[in-house]
Structures are given as C-alpha cells and as structure tokens.
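Chain naming follows the written order as A, B, C, D, E and F, and within any one chain the residues start at number 1.
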Amino acid sequence: MTLNPLLPLMYEPLVRTALLEDLGHAGDITADAIVPADQRATLVLRARQPGVVAGLDISASAFQMVSPAITLSAERGDGSVVTPGDIIATIDGPARALLTGERTALNFLCHLSGVATATASLVTAISGTRAHIVCTRKTTPGLRSLEKYAVRAGGGGNHRFGLDDAVLIKDNHIALAGGIRPAVERAKARAGHLVKIEVEVDTLSQLEQALALRVDAVLLDNMTVDELRKAVVMVGDRAITEASGRITIATAPAIAATGVNLISVGWLTHSAPALDIGLDYLDLKPR
Amino acid sequence: MTLNPLLPLMYEPLVRTALLEDLGHAGDITADAIVPADQRATLVLRARQPGVVAGLDISASAFQMVSPAITLSAERGDGSVVTPGDIIATIDGPARALLTGERTALNFLCHLSGVATATASLVTAISGTRAHIVCTRKTTPGLRSLEKYAVRAGGGGNHRFGLDDAVLIKDNHIALAGGIRPAVERAKARAGHLVKIEVEVDTLSQLEQALALRVDAVLLDNMTVDELRKAVVMVGDRAITEASGRITIATAPAIAATGVNLISVGWLTHSAPALDIGLDYLDLKPR
Amino acid sequence: MTLNPLLPLMYEPLVRTALLEDLGHAGDITADAIVPADQRATLVLRARQPGVVAGLDISASAFQMVSPAITLSAERGDGSVVTPGDIIATIDGPARALLTGERTALNFLCHLSGVATATASLVTAISGTRAHIVCTRKTTPGLRSLEKYAVRAGGGGNHRFGLDDAVLIKDNHIALAGGIRPAVERAKARAGHLVKIEVEVDTLSQLEQALALRVDAVLLDNMTVDELRKAVVMVGDRAITEASGRITIATAPAIAATGVNLISVGWLTHSAPALDIGLDYLDLKPR
Amino acid sequence: MTLNPLLPLMYEPLVRTALLEDLGHAGDITADAIVPADQRATLVLRARQPGVVAGLDISASAFQMVSPAITLSAERGDGSVVTPGDIIATIDGPARALLTGERTALNFLCHLSGVATATASLVTAISGTRAHIVCTRKTTPGLRSLEKYAVRAGGGGNHRFGLDDAVLIKDNHIALAGGIRPAVERAKARAGHLVKIEVEVDTLSQLEQALALRVDAVLLDNMTVDELRKAVVMVGDRAITEASGRITIATAPAIAATGVNLISVGWLTHSAPALDIGLDYLDLKPR
Amino acid sequence: MTLNPLLPLMYEPLVRTALLEDLGHAGDITADAIVPADQRATLVLRARQPGVVAGLDISASAFQMVSPAITLSAERGDGSVVTPGDIIATIDGPARALLTGERTALNFLCHLSGVATATASLVTAISGTRAHIVCTRKTTPGLRSLEKYAVRAGGGGNHRFGLDDAVLIKDNHIALAGGIRPAVERAKARAGHLVKIEVEVDTLSQLEQALALRVDAVLLDNMTVDELRKAVVMVGDRAITEASGRITIATAPAIAATGVNLISVGWLTHSAPALDIGLDYLDLKPR
Amino acid sequence: MTLNPLLPLMYEPLVRTALLEDLGHAGDITADAIVPADQRATLVLRARQPGVVAGLDISASAFQMVSPAITLSAERGDGSVVTPGDIIATIDGPARALLTGERTALNFLCHLSGVATATASLVTAISGTRAHIVCTRKTTPGLRSLEKYAVRAGGGGNHRFGLDDAVLIKDNHIALAGGIRPAVERAKARAGHLVKIEVEVDTLSQLEQALALRVDAVLLDNMTVDELRKAVVMVGDRAITEASGRITIATAPAIAATGVNLISVGWLTHSAPALDIGLDYLDLKPR
C-alpha cells in the first residue's frame, strides 16, 4: 500500500476541530469530575467485526493532542485484515485523557477502517481479473485525502483527487462544448504535459469518437456487461478503460471479467458503514 | 423540526476546506478549458431514491462560495420526504461555477440527506410508541452539528452534542470511581444546575442503585426486551429511560414497545449510506 | 473546583494571537538588542493584592509557546487564596524568552484571577445561605470558557455557556410569542431531553403562569427582596429559582437570604478588575 | 479621535469566534424554537449609565455576521458622550437574528465603551494641564488594538502597541545589561531610524544617566509628585516625560500638574468596568 | 491561457494576511489622519516597463477586502502585453481605502506580472521551436499556485504543482533505491493510473535505462546541447523530454533547437524581478 | 544584526502552508514509494554562489514540521558571508522526511538569502559613507517580516514595517489635504508620541515647507545627486534625510556621498534573485 506518512500533519486542523467539537464549552465534565488527575490506564483497540484497519496514525494523533503523555503501540498496521477479537493497538496514558480522547480517536478509526473494509470486499470480489477498484470524488467534505488513503489501505486505488489532477470530460462538458471533438481539443490545447485526459462515453459510437482523438482514458458509464466487453475490445491498448455506475459486490465480478482496467465506485467513500472497533480498558481499579 | 439557521455561518470553514480540497493546486482544469466564461446554465437537484432531504442551505453556500452569482431556489425544504424524480431545488448561475461547485455541494447534500433518511426510517419503524430516536457522539469528524441537524431533519432527536453538555457515567467511569455511588456523588458535587446526569447500567440491580441516587436519566445498555420492560416499570417516572446497543430497524419496534423514552443509535451518523440525489442540467447548448 | 484541564488545548489559538499582537512586525526589539541569547533567568509570580488565583496553565502555555525551554512550577494552584507577597509560581528559562512572554502571560493570569477574586468575594458575602453565585453570558469576546472557568476557580458556578445549552425565555421572546404559554409550549415541543427550560419573570403573576407550565427554572428578574421571598415560597421545589439584576456585594446577602437557589451576576466576567500579580526576577546579573 | 476604520476587517476572526462561542453546538435554541423565521424587529441601543461610546462598528459587524439583512444606523458615533436614556443606535432586521446576535454585539460594545469611559474620566480629571493620558500593553488577550482604539475614543492616547514599536528599557533589562549605559548603547546600535528609545528610571540619578545618553523618552516610575516635579525640570525639552505607577482619578491631577507629558495607566484597559448599555426592542408583537 | 478563476477564493487567506501585515497594530495612520472619510478618488494602474500583466483579480480582491465600495475595471486582462504608459485598469472608490490598499494590491500585481514577463521573454526567445517553457517547484512559499498561474499568463506551462501530482525520480532517489530499475519499479507498483512517471538522467547511458523501463518522461539534467540532441534522437516518441539546469535567455534557443519537448526553469518563479507598475491618482483635490 | 528569534513562531502558519501546497492531495508519492520508511540520511546545505545567508531557522522549522526527528546544525549563521562550496548547515534525519521537506526548506532559505545578498551588495557599495540602506513596504505578500529580517541579515535597516508604525505623507496625501501644511498638521494632531512623521518632497521648495513644520524625516524622492546635496545642506540636523527612487548599485555610491542618512530601495525585497544554495546528500546507499 502507498502510505502517506504526512497525513497527521495534513489533517492536524481536522483532528483539532474534531476534538473541539467534542469538548464544546466546558470540556469532559464527566471524566474531570470523577477520575483523579493522576490516574493512569491502559486500553486496547479491538476489532468487533471482520475488516481492514485504516487510520491508526490519525487516531493516535487525536489521543496525543489531548495529552502528549499517551502512547500507542500498534499490533496491526493500516491495511491489516482483522477478525473479531483481534487487538489492533494498545494505548497507555493518563486515564482522564484516554476517556476524553477515545470517542474522537474511534470516530476517525472506525470510519476509515469502514472505507478500507468496503474496498477490500470489492477487491476480493474481483480478484483474478485484471481490473482495479478505484474511488471517486464522492467523499465526505473535509476528509478526502484520508478517505482516499483508506481506499489504498483496503487494496484499492485512487481516481482523481480533485478537479485539478486530470481532465475528465463528462456529458455536460460535451453538451456545452457542442460535441466530443471540440471538448477534447479545448482540453488538449490547455492541459499540461503531466495531465491525462479522460472522456466519459455512454455509447460505443461516442467511444469511437473519443479514441480517434487519442485521449488517455475512457469512462464507460453505466454500460451493460455486453457493451463493456465490446468496448474493451474496441479500445485495445489505445486507452485506459474505466467502468462506472451502480457497481455492487454482486455485479463487480462480471464487470471486471470484461477486461476493463478500472472500476470506479462512489460508495466506497460516501456510504461505507463504519467498522465496529471497540476500546476495552484493562484492569480499571479505583485509587 | 428545530432548524439551526446559522449552520452556514458555523460551517463556513468546512465548506471552504471542502471546496479547496477539490480545487487542489490548479482549480477546475476541465471546466476552465472547455466552458466559456460567460455561459450560464440551470440545473435541478433531483431525488433518485426515496428519502428525506437535509443540508440544502449548506449545499447552497458551497455553490455561492464558488460564485455569488449562483442562486438556489428550493422546492422541498430540509425535512421533506422525497420520492425518485422529485425536484428538490433549481439552481441557476454561470455554467463554469456550477460545474466546479456541484461535487462539493452534492457531497454535503447526499451525506446529510442519508443521515436524515436513515433516521426517518427508524422513526417510522417505531411510530405509535412513546419512544424517540436519538443519535450519539459517533459522528464524522468535523461534521457533528451538521449530522445532528440532519437527524432532527429526519424526525429524530439529539443526545449529547459533546462531552460538555451532560454527564454520562459509563462503565469505565464507574470502575475507576469504585462504584456507582462515588461516581454519581462526585458528578453531582461538580455539575452545574443546567446539567443532567445520566448513568449507564447493564443490570437491574445497577439500575436500582442509580435510581436511588436520583439521577436524571438511565442508559439501559444492551438489555434484552424483557429486561427493558422490567426496567421501565422499575423506573416509573423517576428518570428518563434510554435504550442503546445494536438497534436495527428490525429490533427497534419491540424495544420501543417496552416503553423506554429514548432509543439511541450510533449508525444514524456513522454508517448511514448517502442518499442518491442527482444533478441534471437543463437544455445545455454550446455557444 | 471542576477543572477543565484541556483549556490550553482549547485556547491555543488565543494564546498565539495574544503573543502575536505583542510581537507585532518585529518581535521584542528591546530584549533582542540588550539581552544575550544564552542568558538564563528565574522569576517568581507574586501576589500584590489579596485574591484568588486562576489561569496558571494558560499563562504557562504562553511562556512555553515563546520557548519550550521555559518551565513553570506552581506554588499555589488555581483556586488558591493568596495574600500580598505570596509566591504563586516560579518560572525558569532563557532570559529573553521570559522577558518576551511575561506581559502576555500576566495579561491572562491577572484578568482571570480578577474574575476569580470577584467571584470569591461574592461567594463569601452569601456564605451560610443555600444560594449559589453563577455567571452569565456577559463575557469578554473570545474568552468565555476561560472566564467561566475562573468563576469556578473563585467558588462560583456557571449559568449557560451559550445560546445552545439551555432554553432561556426572556421578555422579548414572550412578547414575540404572544405570552408565556405559547413561548414555553413551542420550546418544549422542540427541546431535547437534556435541555432545561427557564423562564424570566418580572412579577409573581408571571411566575405562577410559568410554574403551571412546569418549567425547570425561573429567572426572577429585578425583584425586590420582599418579592423574592414570596416567589421562593410560591415555587417550593417545583423549579430552580434564580435571582438577577443589579446584584452587589452589599445587596447579595439579603437576596441570598430569601432562599433563592442561584444569584446570577454579569459583572463577575464583564467588570471584574484585574488582580495585581507581579513578576519579580531573581538575582539578575549581566554576563 | 484617530479612527481606525479597518478594525472590523482586522477583528473579523474575533467577531466570528465570539459568535461561535455563543452558538456552541446547536445555535440559538430559544429563538429558533419560539420566533417565526420571517418576523422582523427593531431595537435601540440605549445608554443606561453616563459614559463614552466605543465599538459601534465592531458591534454592527457582529450583527451583520449573523444576518446581512440587519442594518444599524448610529445616532451617536464612537467618542460621543452619552447620558442615561440616550439612544446610541437603531438596529433593524430579522427578529431571530437580532436576538441571536445581541449578546455578542453588546459584549463588544459595553466592554469597549467601558474602556473609553474610564479614559474620558481620567482625561477630564487632568484637563487644563499639558499631560496626556496613555494606555499600556496591559490589555485583554486578543483585543489589544480594539482596546487601544477605545482609549483614543475616550480622548486618550496610546503608548506602545507591542514589543516592536519602540524600545522600552526597564529595570530588568538594565540589570541584565549591567547598567543604563550598556543597555541604551546596545539598543541604539540596533534600533531603526523610526524607533524611539525610552528608559524607565526610578531615581533622579538614573534619570540623569539616561538623559546623558540622549534617549527619546523617560518613564518616571512610581515617583512622588515632588520627584516628578524635579524630574520635569531636569529633563526640560531633552526628552518626553512619562509618569506611571498606581495612577488614580484622585492622584492624577497632581501628577499632571507636575508638567509631565504623559501619564500611562494600565487599568484603562485591564480593569475598566463595562459601560451599561441596554438593548430595547420596539413594539414587539406576536405574528 | 488557462485561467484559474477561483484564485481569489483559494488565496483569500493570503490576501487577508498581506493586508494585515501592512495594517499592523493601528491601521493606516497616515490616511486616517489626513484624508476625509467621505472623499472619493479614481486611480489608474499604469505600466512603467514593458511586460506581461498577471494578477489583476487578486489585486482587485485586495482592494475590495479593504472596501467593498472599490470597483476595478480592467483595460488589459491577465496575459496582455503592455508597454510603458499603458493603462492596465481604472480603480474607483473611497480615497482612504484606495490609499490603504494600494501597496498590497501592487505587491501582488507587480510580483505576478514580473513572473509572467520573465516567462514571456523566454517563450519569445525559443519561438519557432517545438519546446515549451515550464516552471518548477522553486516558488515563493505560500504563493505557488499564483506563481504557476502567472507563468501560464506569460505563455509558459507548469511542471509539477507539488510532490503529489507526478512521480519525479531524482538522483538521490536512485541512489537510495540502488539504481534506476528498482526505483522505477517501486514507483510503478504504487502510482495510480493518472500519475506519470519521470526520471532524471545525467547521461545517455542512464537515459537508455530509463527508456527501457517505459517511463513517461525523462528529465535531461544539465546536459550539453550536444548531449541533448543525441538524447532527443534516442528518445524518439518513447517519452516526453525535458531539459533543465542553468537555462538563460541566451542559452535557451540552442537548447530548444535540440528538439526537447520541455525546458524547465526555476528562476521564472524564484528570481523574476517585479514588473514596475505605477498607480496614478487622477485629479486629486482637497475637500 | 538584530535577530528576531521568534520568526519561526510568527511564521509557523506560512511554513505549514508552504509544506501543504507541496504535499497537495497525496503527499510525496515519489519518496513514499521508493525510500524505505526507516532509512536515514545526512545532507549538507552548500552555497553555490557568493552571498549572505538568511533564513536558517525558518528552513529548519520546515524540516522539523515534516519530522521532529530531523536535526539541523548550522555552520554559518544568518548574516554570514559565504562563497561557493561553503557548507552552511548539516542536516540529519529520516531520508524520506528529508526528501519531502527539502524543497520547502530551500525555497525559504534561497529567497531570504537572496534578499540578504542583494542588501549586502548595496551596503558594500556605499561603505565609507554615513548612509544606511533600508528596505520598503514593497515586499512579497505574506513574507514581510521575514524579508525585513533578511535585509537586516544583509547589513541593511528597515523602513516602515507597515502603515501603522510611522506617518509617511506622500504626494497624494498632500494633494488630498490641499498642501503640505494641512497634511502635516492633521497628522501631528493625531499621531502618538512614539510615532515619527516623514514627508515626501520632490523639490527643495517643498523641502523648506516640510522643515518649517518640524517633521522628523524627509523623503527626497527621485532627486538628482545635485539636488540631494543641496537638500542635505538645507536640512542640516533638523530632520533625517532619506533618498529614494531608482537606486542601483551603480548610482548608490554617489547618492550616499551626498550625505543623506538613508537610501531606501524597493528591489531588495521585490526583485532580489534567489541565492543558489544546493543540498547535497552524503553517502546515500540503498538498504
């Protein structure tokens, strides 16, 4: 998996915001009232569902923002497959700070592990084909690079990170330009040498037009498996082929078997349920 | 529904962040290359699934941050039930700005409408009982008040917004304090007059202890329907009763029928799938 | 006192802003020109007036933002009563950094200790009664949770932290709703189960209306001691009673003696004079 | 008065922070529940104490951040002397937004008018002398330029805004440098041509040393009236003279009469009580 | 030129920072003291050197942040070639606000026009060849996308915007990987389908290795014109060729004539002198 | 040189912004793919041109923000004169983090050293005269205090840091006020005791007017050497004299020889080319 070790630096403001929205006006009034300031505790993060872990570094940074005295030692790194009961990490520190930070840390970890798990399930479903699962720009506002990282942790790849890192000419662009040709030509005239150009096509006839314009990739939108198969043959190695539209675990294998290079899936990031990861305190005793 | 008309003010930084993570280094290189700067367009937001709408104001603020020349007129306000094909809003403005802003606006709208829709389905499932559905602190980092608003749009209520607006004494606090009594007493000694105190109990015997300490609410965690029924009788009107733990659409009716006041559900906010809302451009023509 | 140990995390941006408004364009041009970079110094924070200390952690965080090499060891924690000459803390570090940070650190400490001291004087004035002194939302912009913490350090309590943590129905809300009944009913229809409802009343007849609607608390605004006494009897244990309006050290004892639960006072936070705390360098010698 | 018309731009982040600390998690739950969204209202800001107004622009910006539909028309500009009952401004807009914004707006206005009023009282006390009242760096964290503006609104002047806009050599700098001479010489060697150099002196002998070094100003710290008089004669027109230390309304006239140029007073900014300004709604009626 | 119309949105924080660093503690004390608040003025931006304009929108946003009442009407858009005396834009508004904003607005405009002008001179120098001038990541901290936009305004193109939008394998990566092959293989194994891979080579032998690995582009670093010519022949259409290293106006034509696709130049962004653009007030009269 | 040791604190947001604009969406995809996470490396910063170093602390803070495990030990501090080949600093740490941070760190260092170098060349050109070289407000947006620091590192001084730290009355102010006299009088009426007043004059007759009004400094704008000489005589010690307008290395000596106190030069900050400083890795070996 391609790690991005600087995600905690990039997302420090979000971690802070997430903690502050939990602390609110007055902080953790329960722990502050009940738990002695100098009490320490140890807890473990434990999987309660099968899945794939993602987000340990961000979770650790949430704990450490609450108290630099908290340490986390990971048993299973990001990208690990876990089954219920598996210990993911052991965390140690002042009890109050652990109680205060636990919800924020888990909110990151369960969400990102949910994305990784959804991805892994789809990757598994198409194993043996040459297709790759990629995510889209349908991400949770403010969490895009984190979620795209989680997709990689789950074995998937990333399509565009933003509006800036590739040209993707969709139906509306084509309509506004008056056709595929003028749209592609305007894009080619302006795109830098590092930028790839992809065109969304709904029919094989549109596909032919796009290929003739020598684009880098074609997005085969909502095509049937039969159309996809024909499209893949038509394209040959002239472009990267991407299938999209209403992909499910059930439909993905047949789509992958058509020979497309990429299958892009919005729900990996916008609808993956959180992975259930629990947090168990070890041997709590009053002082 | 209790609206919070100041959410766009409160979430302006997140809307900006969400746009900037989409604009990246170089902005919308596709629309900028292809669409003439002075072309206008009109689009409609249209439901593609049945559900409940939430987040129109935030979505509108995303479009307007891209261009103040964009106007949105809502056909269905937040909290409206929609069926596939229903037009939610009509949006008008410069074509480029619409294309640039659409993904960010939809990412907010589909996510929040997903939360509202999940909530509404659970609210409907328990209609006729006296129970209310409430959400938890298991929210997406950085989006808590938005998601809690979406829960209200779906007909639910909100449990704690943060660690600061009520005391919730859980098993770990009790263990660290050495029992329910010292935990509640410490909390009472410190809590302000506006703050309610709730205690999590796993057994009826713990429940009795908590009630004897005159707490405001009891969290009946992972109890069976039978236990819940007994608990409700025991409590009478001495405290608010809240059931939690692995609530589903299937199990909620029986739990609600026990007479509990509140059913709290984490997955409304951490695992609700996005509502599928499309964005159709009207009569696009080249210029 | 209920501490909030996360205030330095919550107020890091304000500490930074306060330092930057002192550093301005060019930093501490006096210390940088005069004091050798490697000189160290020790100073003590010493009370020059009798009072109550609050804000040591925030002050320490200001020094440490200037230089992590500065250490502060507190002799008297927040909430301590001090008399002139008492040493509050000893601070050690690079001399330049101490000189640069001292004003910002003191501005926090003297202001918050002033709030704590004003609170303590009022708390003392009503000792022996059942009343509690609480502060209001009349706080210095940007410092609310800090000032509310200082009130607690002085022995007081906190009324609402914001517009969100309780319903407080005032005269203008009543006028706009067309009476106490519709105002309370609308609020009850919308308030969550954790939210208490308080109504401001000016007369005993209004009080009776509010009590009949079973509100949680009544704000007895600007009533005479005689009216307050009658109000307390009328209320019995049906609601929390709060007296407000032009409370002074002189008038507070009689008001407290009426049996009200709470006396709310705006000037604790908006008009408390700073506590005079000095900063004495020990044994400065040139190098 | 020297206005700074860009204070609303400079303090937009603080106005936002102040509103957000009042809105908290859920916004104005009272007004949102009770007041119809389309109801409008008009209110007046009215003095309840004699004093001097400061901060109208910042207050207006708080209201307008809540709703751009709010308009404020000032009857008395900043710097105006008001007596109880005087209308300072009329404000018109959506009733909910007015109710939501009023506390934040007043917190700015009452605090800054308090600073202006304290300043004006001291300025009046020394009228007829050549002395000017100036404030210090003992300001509320995060509000320095606002408070210094309020001092000007009250007829005072400003001493240093920060550590960067003048060299002020105090006792500790002198001790660390090993005397007045090395301290001044190091400062002169480094200070830019726009920067004035002031030295704090406690005795007339120190004063003579400082004058011999041709500094721009001398801070006569905690001197008696008699010493000040002698100091003023010694200085002649060789430097600006500034008296400081425990200045009160009672002691200021005699100090001013010594002929010093400036009297610097910390409590104008750190201990001025808020000016009582009320906010009266006009003709509220239910709809 | 590929415009990025959202640069003012993306750079609003920098425009604010730039204004605030000019306003400092007290704002524009000269204009505030001297110019009546209600005086208006008109000014023109006029070229004083030949060059290419870039940055008008950002400059306009600086003026408008000072006062929304300022309007700017451009005579020459970004990318226009100007000669001394040419009017670039006319600006109208309150005189004080114009005086306050002018330096910040010009600092943006002159810097970005300097970058555009430097680019244009190099583009002109190699006209008639197939080479394109591109900039690098050697940009001014905080201004990268602005400077890259200015390069486009001057007729150039952009190489990588950041570390994330292409793989560029340099000598140090190769050394750490133990050769070109392992470096490229590791990169290929991890790079997404939109990401191009470029390898820096110093010799023709290294070039051959890179080509054999089918990379997308080769960076021919510090090669002589002769080597470049051979390299271009070797590459054919197997990869994009980029020449870099000590390019000047004098050396660029010969390098371009070798047939390379791209010439990358750091000094366009890190060392371009500002373009001299003046700001002339029209018909100023006292009031 | 007057250091400002708090520049890393003041510029932490810019360092973060600069890193984030380089990390973009996905971080350093080259180093993350190729370099093992636990590999360490050592590099040296080495001058490739003669010049003066400035900005080592800021550069170090960029590296350390990427990884706190990076250490920098300076061989030549800011203000040092270096010749090609000189080692400025040795830097040690994780190889990936070094590769990721190097461009940002160099962008600061080369830019600021460029400013220092330009300044030093001009300072050298006028050595032996009594004139000082000072910079202006023509700085790069967002970097003002850094660039002004670099000017000091190069042996120059600083003119105004912003609009707030001195009154500078220019031609347009004079026109709007209706003459030098009303302009100066308005300024004097409002300026604080720490604020110096400077007037820009174009002719000797204007100079006489300004001197008669006892201003602190006169800006002799675009005067010939002959005029400057006369102006210096006219002024005597009545004011500080400053020459400005189209100063070059060639013209500066004659201007300085006229006896003016200050020569202010915009291009030190807006047009100084970056100093070429390289970064050489030592003994890189694969693992």
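Operating definition for what follows: a residue touches a chain if its C-beta (ideal position, glycine included) is under 8 Å from a C-beta of that chain, and two chains touch if they have at least 3 such contacts.
Computed from a predicted structure; not experimentally measured.
K.L.:
Give the fewest steps needed to get from subunit C to subunit D, where each step moves from one chain to a chain it touches.
P.N.:
Tracing touching chains, the least step count from subunit C to subunit D comes to 1.
K.L.:
Taking each chain's centre as the mean of its C-alpha atoms, give the chain farthest from subunit D.
P.N.:
A
K.L.:
Do subunit D and subunit F face each other with the same patch, meaning over half of the contact numbers show up on both, or with different patches?
P.N.:
Both copies touch with mostly the same residues.
K.L.:
So the centre of each chain is just the mean of its C-alpha atoms; given that, what is the distance between subunit B and subunit D in Å?
P.N.:
Here the centre of subunit D sits 44 Å away from the centre of subunit B.
K.L.:
Averaging only over C-alpha atoms, locate the centres of subunit A and subunit D and give their separation in whole Å.
P.N.:
51
K.L.:
What is the distance, in whole Å, between the centres of subunit B and subunit C, each centre taken as the mean of its C-alpha atoms?
P.N.:
Using C-alpha averages as centres, the distance is 33 Å.
K.L.:
Using the touch rule from the top of the page, what residues of subunit E touch 2 or more other chains?
P.N.:
Each of 2, 21, 23-29, 32-33, 100, 144-145, 158, 161-162, 164-165, 190 in subunit E touches at least two other chains.
K.L.:
Graph of touching chains, which shape: line, ring, star, complete, other?
P.N.:
Per interface graph, the chains form a complete graph.
K.L.:
Once bound in the complex, which stretches of subunit E touch subunit C?
P.N.:
21, 24-25
K.L.:
Where on subunit A does subunit F make contact in their complex?
P.N.:
For subunit A paired with subunit F, touching residues are 2-7, 9-10, 144-145, 148, 158, 161-162, 165.
K.L.:
Using the touch rule from the top, collect the residues of subunit F that touch subunit A in their complex.
P.N.:
Residue list for subunit F touching subunit A: 16, 19-20, 23-29, 32-33, 37, 65-66, 96, 100.
K.L.:
Once bound in the complex, which stretches of subunit D touch subunit C?
P.N.:
Interface residues on the subunit D side: 14-15, 17-18, 21-35, 39, 41, 95, 99-100, 103-104, 106-108, 110-111, 114, 137-145, 161-165, 167-170, 172-173, 175-179, 182-183, 186-187, 189-191, 195, 267, 270-271, 273-274, 281, 284-287.
K.L.:
Would you mind writing out the residues of subunit F in touch with subunit D in their complex?
P.N.:
2, 132, 134, 157-161, 164-166, 190, 192-194, 196, 217, 240, 261-262
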